[in-house]
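A, B, C, D, E and F are the chain letters, set down in written order, and residue numbers restart from 1 in every chain.
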Amino acid sequence: MLRRLFPHPYLTLLLIVTWMLLVNGTKLGSLVMAIILGTVIPLLTAPYWPNRPRLRNLPAIIGYVLVVLYDIVKSNFIVARIVLFMPKADIQPAWVTVPLDLQTPEAITVLAGTITMTPGTLTADMSSCGRALLVHCLHAPDPAAVRDEIKARYEARLKRIFE
Amino acid sequence: MMGHWIIAPVVLPVIMGGLIVLAMRHDLLLQRVFSVAATVGLLAISGALLYAASTEPPEVYFLGDWPAPFGIVLVLDRLAAIMLTLTALLALIVQLYAIGTGWDARGRHFHALFQFQLMGLSGAYLTGDAFNLFVFFEVLLIASYGLMIHGGGKARLRAGVQYIAFNLVGSTLFLFALATIYSVTGTLNMADIAQKLLTLPEGDAALLRVGAVLLMLVFAIKGALVPLQFWLPATYAFAPGPVAALFAIMTKVGAYAVIRTGTLIFPPTTPATGTLIADLLAPAALVTLALGAIGVLGATTLARQAAFAAIASMGTLFIAVAPFTPQGTTAALYYLLHSTLGGALLFLVVDLVADRRGSDSTLKALPPIANQGLLAALFFAAAIAMAGMPPISGFLGKLLVMDATRGPGMALIWTTILLASFVTILGFARAGSTVFWKSHETQPEDPPRHMGEPLAWTAVCALLAGLVLLTIFAGPVTDYLSATSFELYDRAAYISAVLARAGE
Amino acid sequence: MELLVASAIGTMTACGIYLILRRTTFPVIVGLAMLSYAVNVFIFASGRLALAMPPIYDPATKGYTDPLTQALVLTAIVISFGMTAVIVMMALGAFLEHGSDRIDTDDDAPEDGA
Amino acid sequence: MIAYALTFAFACFGAALLMNLWRVFVAPGVPDRVLALDTMVINMIALLILYGIGAGSGVNFEAALLFAMTGFVSTVAYAKFMLRGDIIE
Amino acid sequence: MEQIADYAIAFLLVIAGIFGLVGSYGLLKLPETMMRLHAPTKASSLGVGGVLLASMAYTWVYEGRLSWHELLITIFIFLTAPITAKFIAKAHLHRSQIEDELPPTGVGTGWATFEPAHETIEPASGMVRGPGSE
Amino acid sequence: MSLALIAALPFLGALLPGLMIRAGKNACALAAASATTLALILLGLNAPAVFRGEVIQTRIEWLPQLGLNANFFLDGLGFLFTGLILGIGLLIILYARFYLAKSDPMGQFYTYLMLFQGAMVGIVLSDNVLLLLVFWELTSLSSFLLIGYWKHLPEGRQGARMALTVTGAGGLAMIAGMLILGQIAGSYDLSVILTQKEAIQASDWYLPALILILIGAFTKSAQFPFHFWLPHAMAAPTPVSAYLHSATMVKAGLFLMARMWPVLAGTEAWFLIVSTTGLITMIIGAKIAFFKDDLKALLAFSTVSHLGLITMLLGFGTEEAAVVAIFHIINHATFKAALFMSAGIVDHEAHTRDIRRLGGLRTLMPLTFTIVTVAALSMAGIPPLNGFLSKEMMLEEAVHTVWWSSPWLLPALATIGALFSVAYSFRLIAHVFLGPVRDDYPAKPHDPGFGLWAAPAFLAVLVVLIGVLPMPMVGDLVKVTASAVTGEAAYVKIYHWHGFVPALFLSLTAVGGGFVMLGLYRPLARLWDRAPRPEAKAIFDGLMEPFAERSRRVTEALHDGALTRYFAIATVTIVAAAAFAFWGAPYAPGLRAMTPVAAVPLIGWTLLVGATIALFLYHRNRLLALVLVGIIGLMVSVGFVYLSAPDLALTQISVEVATVILLLLALNFLPKRSANLSTPARRTRDAVIAGVTGLGVGALIYALMLRDFAFPTIADYHLANAKSGGGGTNVVNVILVDFRGYDTFGEITVLGIAALVIFALTEALLRAGPANDRLTGWIPDARRAGDRHPLMLVVATRMILPIALMVGVYIFLRGHNQPGGGFIAGLVVAIALVMQYMASGFAWTQARQKIDYHALIAAGVLIAAACGIGAWFNGMPFLTSAFGYVHLPPLEEFELATAAIFDLGVFLTVVGAVMLALASISRIAIRAGETVNVRPYEIEPGRPVKIEEA
């Protein structure tokens, strides 16, 4: 019953939060509205999202978010340095293949996104079977190291969260 | 006192159109029944409004209960009522024809689009607000786009693209014009504009005139006034027969708008604009008539010939409008009634002929077709109607126009009108003798004689009957029309009726 | 500011006109879109320009810009959107029927520009 | 204090926009131009918010949000067109 | 307090400005499309993020209300930036056809951009229903 | 009343044959005949009064505003002509019954014939010149039908067209003349006009009016130089020729001159124009007639000649001449009709009208011979036949007339005319009936049955009777008619012996000369054949054909479908007209202070203008063009934000992206580059046009922005009443849904219709046909990448869709008070759905939702309408809004407004319309062979896949 009413409980939660962010206040009326919408909209969009991802262990999630935020800021300084100060000749771009252990689409998506937003790397494509990501590095003298860092730093964490 | 009935001509079709789309879009029979019913209803309402308009001064309907000029108003006067009734009548006839010939089944949504088309037309006649006029122009245009390409087909689609493209430019121009006028006068209500123009500071005149001319050019496009007529021939020639017949009213919308704005907002007495409109309109109208007539003689297909006849009739109509005198406007209105019915008749006959010749209306002799004699007779009737030959109303219309254009420039105007009639009848004679007579050379034995399509024939005869009645009752009709133009030139009544609540 | 807006409108109009004078459907459609952008700004500007005075009721405001022209522009935008959609489809249809996307029908040369 | 910072930020993002425009004019291919457009949208949003701070009005939020949304959609649409031709298949 | 807040906001703005600039400058300076892609994706995102944070802080400090809208926008941008980047990258790969410059996937198949997806596809006949087909 | 009835009867008679055609030829003939007879009887009833000199009138109001009324009047002139028309008409009806073949459609013939008869009667009875014009043109039209009756004969069709062209044109000229005349006389009623002689002849407009009216008369009566159409009209069946071209239509011109005689005649101009034209026509006609070998052609030209004679007499302008004219009209009608019918008999029996193939018929067709001889001798003016009397009197008048200041010139020429007329009359007798019987007639000739010879015989008898006893027979008739023409009681005395007057000698000369000419026929004919002469038809065609051809070329050249030229012309016209308007009145520059410019908007401007220029430069690369359009749209909406128009910004940006998506979808099938189809010269021309237009528009808006409104704007009212009266703080939205909700109502209807049109069009394209073939055989013109639905996007959109929907709801709800509203919300939702389409594919998405977009559109429009109608129920006009503040604890107070319902209608329509449009275009893609994904992910890392090694 509850499962039919809330096909995606996280989504419902997310929507309620979103609504409160939108109306930018904490009126009771808004909350009621938020709850209504948070219930109705997932029901409407459920067909587009057949299988629900299972999320577990909140601390891991929080940890991951913090790591990524830190890396984003860091990566930006790196990129800035390369863009502003490194002479074109010295920049050593590289392609890296990152084989995947993850299998959940959601998880892979998050990983790919993370890679793009973090130091000097950018997800360009995926193998047509979905078992590897093609990553481009802006400046990577040692591509292998990049791959290992990705797998260790992000994929491992995501595996703990999603699978 | 018509109360809410004034808006019925807009609301009825839109609701019917909506219902057709919502509930009946899979059932042609239902569509036909309800669509016809709605049109009959529209005709009845228009008739009632026509009567009311003749007994009362202009009546105003304040939409949203906002006082003019702040909200949008509908105004019912004789002119609006006449246009409504004419449209409803033509619509009913054309609709019967479309059903009778099965045209409405050759594509989707014919009846819905048809109703929306009527909504747009009615809205355009009734509105007393310049911008709202634009909106309803768009409604009737977009519906006409749909009807024009109804049934699809290569030639029709290519013509359709041109038709839309040209009218999109027109719509853009319309907006430029409205913005300019608003930017000077700060109002959109036509009566209010008219009133404010009386006290317009001199320094604003030039800019306002630009706005006025742009506006008139928009209507000139609709009215197929040379050199803005280019969109018409292909459109009318390639549109489905009944649609082309319905379009007989579309050009008249342009004429209506010119008459409305030219008498209400920019009459020659307006200090800022003066005779600007007339000065530009008169020569253009003459050229239009001439070009249309030459087109009738030079056309290569019956359909195109009909199209050019339509252009020519617009020329005659605008010749009568141009002086902006009550007498001229009366003549123009009579000719408007006549040329609408006559044009529609011609297009329907051409459609019947083309249909029997395998949708080929090129001017060459083909083996005799079914009902050749009858069709020839009808074509003959339509032709003399459009050429303005007696005994059909066109002749009376032409006489009225000539009578109304006495005075300076009379020689030129009369010569043009008469020569145009001459060339037109010449063109029709050539076409008719080729299509209907020469065919007897090609194949002596009797043609297939199927009558069929009772509704279609009813429609055609109805139009012919309309012309005959217009001829017989020319007197009373003209009385009503001169009362109408009197009302038009007596702006005070209109303006005071609209701005009655301005104080609020 | 007025000069900027006016010149922008002028440029967009000019570009639009130039494009509608091209001989294939696509540029003509783009040109019509440009014209409608231009005229929308034109209407908007015809209500005069105002900075930081949105027509949202606000007791503390120093004034409002003209809300009416904005409403008119909205209507205009919507209508021209509908019109553009239709002509795009018709152009596509004409191309599919005819095999050429010329908008002039004077010379029926088949397939070109592809 | 904030005023200076604002001006500086304005200058930066303004300059950024001009660079984007330049990239639109001269680029090896359409992908780069699309990228430029996408960046333009981002910078625009930044300017919008800055303008909001400057004028002390939060009215521009919806605009910013919608810019973000539409910018994303159109970029994806352009790219998908280049990849597949048909963007809705 | 105000003072500190001012400094913080000003700092955020300056940083944001710099990154915004960097993002677009990189777009001009970097030699290859793939490299150019890095700059805006990251820098511009951070730049606008910074501005949004500054705005939040500003309204909080000076208008006394906490405006969450900016947060929403930031999240949205950060969510979508990678996707945009990936699409442009794919478009570039497809257009420049540099398949052979790429490393192997190491899992047997090729990169998706250069191969039809491995899945059962069937023609559209009868597949579509709803308003599209009546 | 009876007069109107007389005029109406033939028209009624015209209906009958058409209806009775099933009943057979006799029924048709009988119907026509009885109608005619009835009319004749009615006319007869009026005879006593007419002969008493009374004028019978009937007045029916028709179009009084114009002075066009169905007024009829019957005086002597009218009586004579009505009698001729109806009487001869009756004979023709009888004759035609037996003349026409089985295969000829009898019903049509009698219908046309009666139409014509009615028109003729109308002409001669009209007391209103406008009414007369109506009938006048009607005769041209109905004669067109009659001449072209044998549709399979090209000569018939051409003859008909020529007759219509000439007489129709003349009629149009006459319209102008009559309108002028009416203006001078202050009335269009003949009875009034005829009293205005002084006023008319004094007016400056007299001469134009005279010429225009005479053109009408001359063309109708085949007067030189308009005589050429008549012989070609002879292609008509003989009954028609006999009726139209001898007895009636060609006399209409004479009638008109006689009718107008009192007010137009008597001036120098009248005398010179009319008498000269008549004289020339008389001579030329007679001369040509003499050399014609076709019986009917001979008669035709003889008719031309006699009409000329009568015209000349009317031209003299004297009372006596008028009397003679009238008398000759009667005589000519009798013998010429008899001759035409006899010619028809010969043709009918011998199957040829070629005189060279005839001869010697005297013994074979004695009866016909007798009739022809009598009539022809009368035509030649041999005593004691009626033709002799009138010719004698004519010569008498000629002798007394000084012409071009010479007393003898006119008599001489008149005699030459008479001489020719004698010659061809004798030739008619001699070459057809006398001489040896031949054995090579196409058919064995013999006298016809009674039905055919009755009519001509009757006329021949009249010829003799009138000749022998003129006064008893027609004295009164001529008298009363002449009085009607001249306006005062005419003195008529007709006798055979005038004594040895000059006329006698002239007459004898004529007869003698005639004999001589006949004797010299062969050599003269050889001369004639060798002599170069203008062939009327050639000249006519030489005039008409090039005209028609040139018209065709002009028309086609102008309307050849070159839309871009149309645009160029239209643009130039518009700019020119605007400039004309602007410089026609004073202009005072505005005094409004400029809005300050900061650096940021300057950058925005640079971007906008830059992108626009780029579009101008790169537009041929269509994808790039769309990218640029994207930038421009973005900049415009940013501009709106900056200029305090948040609603506009929101709408603009969302519409812009929707448009781009639509264009991309279409571009998939269109060529990806625009071919360069214009020469550099043309591109320059276009650039110039564009530049000038741009300058104009820019200048216009600049001038407008820099001035204050001339009057306080109505927007002030909106600002003042939005909250109090509309219940919303977002004034723009309140205007949209309340002050001007009616606009919005129309606007969403437009959007809905657009979607319907697109859908209908798609249906049409997907039907069997070239488009469908092209689609089914579609090959994408560009290499396509793999990975249709990249996993990242699929996942992301699943997150984004619900949030986007939420944003949509949010924007919708706050619209009334903050930027937003139904329209923007609708677009946001639509875009969110589109995102879903792009990510997971059309079919997959479509298959997962139940919404029917048609229904959505309809519902939207209907809800909006219902919201408007709702107001009626509390007595308010359409779309009157209501709002209130609800407070239900523990929730905070919130507002409920009907405007929200209206906005909901807007919302639904927008979503429905956008989605239906996209859905339709996607169906085209699917027809083009797009395959449809069955799974949400095409790449599913979890799913084992078969890997084929490359």
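Quick note on the criterion: a contact is a pair of C-beta atoms (placed from the backbone, for glycine too) under 8 Å apart; a residue touches a chain by one contact, two chains touch by 3 or more.
Since the structure is predicted, the reported quantities are computational estimates derived from the model, not experimental observations.
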Pair joined by more contacting C-beta pairs (D-E or A-F): D-E
Farthest chain (mean CA position) relative to chain D: F
Separation of chain B from chain C, taking each centre as the mean of its C-alpha atoms, in whole Å: 28
Averaged-CA centre spacing for the pair chain C and chain A, given as whole angstrom: 39
Interchain centroid distance [CA atoms averaged], chain A/chain B, Å: 62
Distance between chain centroids, defined by C-alpha means - chain B, chain F (Å): 16
Touching two or more other chains - residue numbers and ranges from chain D: 10-11, 17, 30, 34, 59, 65, 69, 76, 78, 80, 82-83
Where chain F touches two or more other chains, by residue: 561, 563, 567, 626, 642, 646, 667, 697, 704-705, 709, 713-715, 718, 739-740, 743, 747, 750, 753-754, 757, 761, 764-765, 769-771, 785-788, 790, 792-793, 796, 799, 807, 818-819, 842, 849, 854, 920, 922, 930, 932, 939-940, 945, 947
Junction residues of chain C, two or more chains touched: 20, 25, 28, 40, 42, 46-47, 52, 54, 56, 68-69, 72, 75, 79, 82-83, 86, 90-91, 93, 97-98, 103, 105
Interface residues, chain E side, partner chain D - complex: 6-7, 9-11, 13-14, 16-18, 20-21, 23-25, 27-28, 33, 36-37, 40, 44-45, 47-48, 51-52, 54-55, 58-59, 62-63, 67, 69-70, 72-73, 76-77, 80, 83-84, 87-88, 90-92, 94-96, 113
For the chain E and chain A complex, residues of the former touching the latter: 18-19, 22, 25-26, 29-32, 34-35, 37-39, 41-43, 45-46, 65, 67-69, 71-72, 78-79, 81-83, 85-86, 89-90, 93, 101-113, 115-118
Residues of chain D defined as touching chain F within the complex: 10-11, 14, 17-18, 21, 24-25, 30, 33-34, 37, 40-41, 44, 47-48, 51, 59-60, 62-63, 65-67, 69-71, 73-74, 76-78, 80-89
Residues of chain C defined as touching chain F within the complex: 1-30, 33-34, 37-38, 40-42, 44-58, 64-75, 77-79, 81-86, 88-93, 95-99, 101-106, 112-114
Residues of chain F touching chain D in the complex: 599-600, 603-604, 606-607, 610-611, 614, 621, 623-624, 626-628, 630-631, 634, 637-638, 641-642, 646, 649-650, 653-654, 656-657, 660-661, 664-665, 667-668, 780, 782, 784-785, 787-788, 793, 804, 807, 811, 818-820, 824, 828, 831, 834-835, 837-838, 841-842, 918, 922, 925, 930, 932
